[in-house]
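Before we start, here is the structure in question, set down as structure tokens.
Letters are used for the chains, namely A, B, C and D, taken in the order the chains are written, and counting of residues starts over at 1 for each.
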Amino acid sequence: MFNIEKIRADFPALKQLINGQPLVYLDSAATTQKPLSVISATEQFYARNNANVHRGRHTLSEQATHAYEQARQTVANYFNINANELVWTKGATEAINLVANGLTEQLDNDSTIIISALEHHANIVPWQQLAKRTGAKLLALPLQKNGCFDVQACVEFISQHKPSVLAITHASNALGNITDLDPILHAAKRHDAITLVDGAQAALHLQPNLPQLGCDFYVFSAHKMLGPTGLGGLYGRYNRLNSLAVYQTGGEMIETVTLAKTIFRQAPAKFEAGTPNIAAVIAFAAAIDYLTSLNKTNVYTHEQIIFNYAAEKLQAIAGITVYSNLENNIGTLCFNYKDEHPFDIATLLDGYGIAVRSGHHCAQPLMQHLGINGSVRASFAFYNNHSDVDLFIAALQNCLELLD
Amino acid sequence: MIKTFKEIALSLESSPSWQQKYREIMLLGKQLPAMPAVLKTSDALVPGCESKVWLYLDFDLEENCLVIIGDSDTRIVKGLLAIILSLYNGLTPEQAINTDAFAQFNHLGLIQHLSPSRGNGIKAMVERIQTMAEQKN
Amino acid sequence: MFNIEKIRADFPALKQLINGQPLVYLDSAATTQKPLSVISATEQFYARNNANVHRGRHTLSEQATHAYEQARQTVANYFNINANELVWTKGATEAINLVANGLTEQLDNDSTIIISALEHHANIVPWQQLAKRTGAKLLALPLQKNGCFDVQACVEFISQHKPSVLAITHASNALGNITDLDPILHAAKRHDAITLVDGAQAALHLQPNLPQLGCDFYVFSAHKMLGPTGLGGLYGRYNRLNSLAVYQTGGEMIETVTLAKTIFRQAPAKFEAGTPNIAAVIAFAAAIDYLTSLNKTNVYTHEQIIFNYAAEKLQAIAGITVYSNLENNIGTLCFNYKDEHPFDIATLLDGYGIAVRSGHHCAQPLMQHLGINGSVRASFAFYNNHSDVDLFIAALQNCLELLD
Amino acid sequence: MIKTFKEIALSLESSPSWQQKYREIMLLGKQLPAMPAVLKTSDALVPGCESKVWLYLDFDLEENCLVIIGDSDTRIVKGLLAIILSLYNGLTPEQAINTDAFAQFNHLGLIQHLSPSRGNGIKAMVERIQTMAEQKN
């Protein structure tokens, strides 16, 4: 059974008043709240086991190393991958940069890179830079007017342009729309494209089985998955991963150094220069343990119930335009009210203790595609409940009255 | 009719709720005269804000006073802008230097809007005005 | 007054038993222990203020943004620099990589980069890579046999080779030796070299005044300065900093994005792609607050007393070779015993609860220079006391007996 | 004289202190016959260890048994290596597969030395031996 009140009690930040009213946190797409087990794993590490990893013969260092490498296994299990196919980065953004940088030598001005206008800037700009460095062409997949992929057209587009690289999001951070990846990745594979899936938004909600998904690379951020800030991950099919050029250089990632020449280690080590974010890695394993202790189906079902409940109530308000696709969605509502500026709506909602986001959501090309400057975004996670929705809708109605 | 800062302060202080306060602020924004499109240059745009905020600063040499024109595409920021204008417009540089927007906003219970973390450009605006006042003084 | 027992009480990790004996932590050069205020700042953030920064109109996000930017100011004050001259990175290693990468367009095959054999790998390999990319020459400053710089020879070397870039450590991580930077940086400046100082080891002990030091760039790691893992910083004189090419790209660091073209922000924002390590930044400010709450002179004096006490006792043991320069040292003792392997000594010391490091300390060129494979390293911080030294020396003597 | 694993276990169990245990281990290392220099190839070197550890694995077809030769530049790892050799050397592949070094090290109170985080290569060594045993079985 899914006991939502018991779960909410695990998240201390949810139990607070904002402007004198109970916090309604609808900004999980920006960053999720953290369960107690994550907070205390961090605390325990610093208060007891704190030491640097990999190079110490003393007990603290061995304990830290052990916990650190165990954590890699825990997270690898979550995605059903091998621990040596998982590289720690500082976030999804760095993970994409690592791949885009590491492919420089593998592309030239005959190559094509395909992305989409739906992407977060983190999955656009590194590819623009790669295209600039190599002379490769950068193209965007066809999107329908509403921001949904036209899957059939995408497949044809891929067959036509035969990309060397395809980078695409698993779920849109602005809209919450889940991408129908299967046919798109299949088409890319038929042309031997290297595929990267941006899982920053989806990794929490969809608990993806990566070998089954079949992409070459998958990136995520711990802070969007109940984990700490400053940590992300890159999954890469081992050979693809190991074939990337080194990214940052320094300690930990080298085998031997002389002033004349350096020999690097094999993946994942070769991509992990410098002291890692040890505390965050260990706390992230606690987050994944927490997540897997919950029944995956129950979590997803609850999220969808809350999302659908909110979507229905939101759509019933006259003057509201919803941009999200409500069919296949991780739980994000992207909307505007008449011609009102999203900034005003978000600011007024904050007066009621409702935390939503406004703006372009780091997805300016999508905003341009939708013909808007920005939107309000309410994003849900499994720790939201019906009361959150009720408070949100009631507050929103009050705000809209203020504006009218 | 543009309200003086005194009048604004009075009506904000007598607002029975935060909602009413915001209503007043947005009303002030509505009453702000439109900014001529030619003045909305990229130089006038305050960078790094979610809302678009334009600020045009000039100096009237004859009258020795600041001329400030501003606009925003959001209602709340435009209202806050109106308060800033009511504080500074037409002041001599010396008077402007002696005007403490932070103290006044604090007094009005609006100090949080002057935080740079609000991303609304109000703080940047005050700084631009103060810089000009110091240059002209 | 410097009350060492009161200070030790602030560091919970110091109060534990290892193998049944009180922990003697002599591995602060690898990572320092954390005061309670840092641990609780982290906890408070996650339990209460957790939100993403910069793009949120709601109270939590504003509080987080405010604390985050305040922290930048706090750390900038510590180094006597402007907040906009401080870039957050994931560590000293990333900071050096950022600079080396950002200088690519500014060098060519007529350029010379000067480093030294004393450097940590993090301050060697990124420059090797830069030399490889640009065709520049990579040279090493003259070192005396004992690993100390021959300053006069260095100055001449610089005048002779007129480097475009000089990268040098403020203190050696293997030896603890403090570099006499003034004449070296002056010489570099006379030839308009861009100078980077690796402060990973020195930033805690020497609390450097960076404008006075006069380098263009200075890098450090929070975890070696009482702060959390996964965070570091890059100071850059503003014009030099802003003139570096962008490094990672993505959210936060852009002004506008279209599929065709991206416009980047100005420094420091342009170097901070993606969600930052918010919790770590805020906790690091707590670390710096803790550090500055102690009297700088008293801290340094205490460290030197403990260091000298340990050095004296260590040198008195027959068969011990000390490689560190004891005159100008941040508090690190690098040594070997006869032909014994440092691994054996460190492993046996661990039995007594003594945490030291063994190996090449990510400084293989220095080890080659000293003609050794590795060493034992005992590194001290202000939270060590006389009893730590006594326990260390007594345990060491027992270990050496076991080996003889 | 090379001790059998039984003899080793006996002397380690009767060690009155951890110091004595390490003394025994280092003694075992000393008694290990030197590894011929020609066998110390880069292939034989176990990667990623702070100490240098060499492992030479061969298979005696006639006797159907594993031939293991090893060395290390540190005393402790060399001693641990001697224990591993005493466990596996001369076993048939089947016997080797049925030998659980983890259980034995645990029994001897040395399990922490089999942690990969020790960086001593002992665990990697056991894995190499087991892999060969499975291939030859």
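The definition used in the following text is that contacts are C-beta pairs under 8 Å (C-beta built on N, C-alpha and C of every residue); 3 or more make two chains touch, one makes a residue touch a chain.
Computed from a prediction, not measured in an experiment: that's the story for all the values here.
Peer 1: In whole angstrom, how far does the Cα centroid of subunit A sit from the Cα centroid of subunit C?
Peer 2: Averaging C-alpha atoms per chain gives centres 31 Å apart.
Peer 1: Centre to centre, by mean C-alpha position, how many angstrom separate subunit A and subunit D?
Peer 2: Computed from C-alpha means, the inter-chain centre distance equals 45 Å.
Peer 1: Quick check: how many Å separate the C-alpha centres of subunit B and subunit D?
Peer 2: Once rounded, the distance between the two centres reads 78 Å.
Peer 1: Which subunit A residues sit where two or more other chains touch them?
Peer 2: 19, 55, 57, 61, 343, 347, 358-359
Peer 1: Could you tell me which residues belong to subunit D and also touch two or more other chains?
Peer 2: Correct list: 50.
Peer 1: Taking chains as nodes and touches as edges, what kind of graph is this: line, ring, star, complete or other?
Peer 2: other
Peer 1: Every pair of chains that touch: which are they?
Peer 2: Chain-chain contacts present: A-B, A-C, A-D, B-C, C-D.
Peer 1: Residue numbers of subunit B touching subunit C in their complex, please.
Peer 2: 47-48, 50, 112, 115-119
Peer 1: Could you pull out which subunit C residues touch subunit D in their complex?
Peer 2: So the residues of subunit C in touch with subunit D come to 19, 340-341, 343-344, 347-348, 351, 358-359, 373-374, 398, 402-403.
Peer 1: Can you name the residues of subunit A that touch subunit C in the complex?
Peer 2: 12-13, 16, 18-19, 23, 25, 27, 30-31, 33-34, 38-39, 42-43, 46-52, 55-61, 90-94, 96-97, 115, 117, 120-122, 124-126, 128-129, 138, 140, 221, 223, 228-231, 246, 248-252, 254, 256-259, 261-262, 273-280, 343, 346-347, 349-350, 353-359, 361-362, 364-365, 368
Peer 1: Residues of subunit A touching subunit D in their complex?
Peer 2: 53-55, 57, 61-63, 65-66, 69, 255, 265
Peer 1: Could you list, by residue number, the parts of subunit B that touch subunit A in their complex?
Peer 2: Residues in contact with subunit A: 18-19, 22-23, 26, 50-51, 73-77, 120.
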